[in-house]
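Worksheet: one structure, shown below.
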């Protein structure tokens, strides 16, 4: 399988992981390692505000893992830019998952503020990966604004509903010149596989792993599903047809 | 992952393969090997009628592979029983995939003849795995008739449409006392993974692999997807909820 | 719109109604009248066993309404035939909705017993309308057995899930020589309209109306939806396409 | 049924119609009249540029019909505002369907330019009804900008795909303080009914009627479906349940 390239980094794994909602930092670490993920998001607050000894960061210190700080919780471009600057200092990375969701119930992203912040942050040298609604036109505008990837949602965050925006994700994938990482809503390995079969460049999963009965095993399942989906995409799926076609030759001998 | 047991045989792989529609016997063999499948169906006609040197059977002589002859093309119980007897002699196995589909366009299975044949064949010592519509009551009756597994369809054979009978497959899985192997219609690794996540015991795939751009790679993709789905089933998926829930803690510091 | 003909009766309304689960017989009567239905099912038990003065039957004595007794609750062909005979005597009609569902949880119909009973009952002069799974081959066999219509399910009874068997209903409609009445699972007017757009000859609705906030208004809504769906079927729907096509001419003058 | 109110106008019919793609202006007029619609969109270009005698406008001169000019074909806010001003003069109305879609293939709307234009146009005294992606946050921002309604899409324009954005439309309907009119993608009466059942305030249909075998009859079908859906919404649909529930009492007498 072809590796994924974002700006200057290559990723063998096309599964990105979020680190929220796990029962413990140890559970989280085990799941991250089992997933094979090389790109893990961390909420800014969690990183620079925790003062106890069991810092989340210490559980993510593995050579193959890149940390991707996110701005979860900011409500507009201004707050996002401020948070981004703090993050760059604290975490010594200019990679940023931009999340601007003013709505506390569904955490849907704000297209206007996200575009505005992306423009600014790209100019400031950030490598911006914005979380967005599955809006094909917004994706093109983010490209023009210097985004390094787009992260359209499958369904509202944390719902495990799967690819409810499928029709629009298809258009985004068809038109995008930057990597498309499907984020939010992916609730099962089959959703992740499907996203990859459609031609997404990667998927980000968090809730579905964190709240599973056994997060480590679920992380492994997602690893396999993402590989399966990518492999199928590269091997080219057959057409969906409306009529049946025998896959076994019909037994003629009875009539012979 | 738990192995699958049917009667007295254990299977590590939960992916069954059909052998129709491949470009060549060599392509077929490569796909079968890449899939890791331990259970491969062959159409009776193909086995005992081919006289050229490149027999399909010679391509399936691998110690880990069990052959499952099918009765594809028979139109009623009588023809099926006759075909089954020929098969037992020719292939020296009492395992049988029972397929009775009188309809040439959609190849939908006949519930009445299938039940009748299953009853007879079970009495005759066959290990019967019938291909059926996703009919929960028929499944229970087949159990009473001595079936060794049930093979309900996801969608019409050869269509790649996926799990169009999902609502009914769920009921079958919930109620079945014999293994449930979802057969027909599975068109992509995500479909296979989904079937396994729902708790199916195995899936049978043919068209989706045989007609793929690269059948061997597609077979590998299905292998991973089936493992992913089973692993997810055992690790217990989280609930689907209607509201979003933040997977990252909201960044509060901006207000502090 | 073309009227529906079953055997020798013509129906202007293509909406059949069930009479279970209503809050009161009066609510039921109002809903039946609002629906414009000319074919209303009644459970045998309810008819001949009730001894109080507020008999369900007295609420259905309207010249445009045909009563269709059903055998709800019988578990096999023998019980069905016995129930049918009682019904014929009690209600003086040889029309019969045949329902054989041995499974108390999902009330899924039994294909074997239903076929057997249909054969017998047709010979005995009954006009049989069997409730069945959406099984295309069973439908053909019921035709051969002398059924007067087929009543495949959309989803399990009482679930309001809609047309979960859509893929198979399409095949049934395409192949049937007798009227196809979609029964069970229809949960909203949109489901009923969709069924009619697909070419179903009629739909039977019960739970969705009986448990609505306002059953009478809901009955009216179903009336309109069934008419809408039939009208659309006769007026021929446009194709579904994958690309957008402007429905307004693009404003060129800005460039001129 | 409650009438729909937008700003100071009341509408008995909740079906809006587009006028593109019809075979002739006469076909269009017949369909519009059959639909009972009181709100009909016309593309600006068509109105003020046509010079032949068979002007579209003359076919829409009916006392119950309000014309809603649209800006179809403009690519940004500036062009939209210019077009809106021309329209106001030409058609003597300050009502405007704002459509800004820079993408010629899928005609997906631009969220940024649409918000910008809405702000300006609202200040200029226009009653703005913007066509938008099904983006809940954008809807809230349009409210703040003075929009008079929101017109989120069901699916890409002209595809007849139905409510592919259902998950997001539900959120929009739940949160909106202005009328929600579902526009684009509605391909069949069942889609229109479904949209109304979900609580949409109105739907706009064009392609599905214009390209139907019989547009006039299809228009009538949509009229009924929209009424059915609204009626069902007001009468409150029952719950969808996972288990079957008997709608007929089970026949006990056989055991008695």
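Assorted remarks:
Lettered A, B, C and D in written order, each chain numbered from 1.
Operating definition for what follows: contacts are C-beta pairs under 8 Å (C-beta built on N, C-alpha and C of every residue); 3 or more make two chains touch, one makes a residue touch a chain.
Here the structure is a predicted model, which means the values were calculated and not measured.
Shared contacts of chain A and chain B, meaning chains that touch the two of them, come down to nothing at all. Distance from the chain A centre to the chain D centre is 33 Å, each centre being the mean of its Cα atoms. In terms of their C-alpha centroids, the spacing between chain A and chain C amounts to 45 Å. The residues of chain D that reach two or more other chains are 106, 108, 156, 161, listed in rising order.
Interchain contacts close the chains into one ring where each touches exactly two others, per the touch definition above.
Two chains count as a pair here when they touch; such pairs are A-B, A-D, B-C, C-D. Chain contact summary for the complex, chain C toward chain B: residues 101-103, 106, 108-112, 115, 133, 135-138, 140-141, 155-156, 161, 164-168, 171, 175. Within the complex formed with chain D, the chain C residues making contact are 18-21, 41, 43-46, 48-49, 70-74, 79, 82-83, 99, 104-108, 156-161, 187-191, 193-194, 197, 206-208, 210-218, 220-225, 227-229, 231-232, 234-254.
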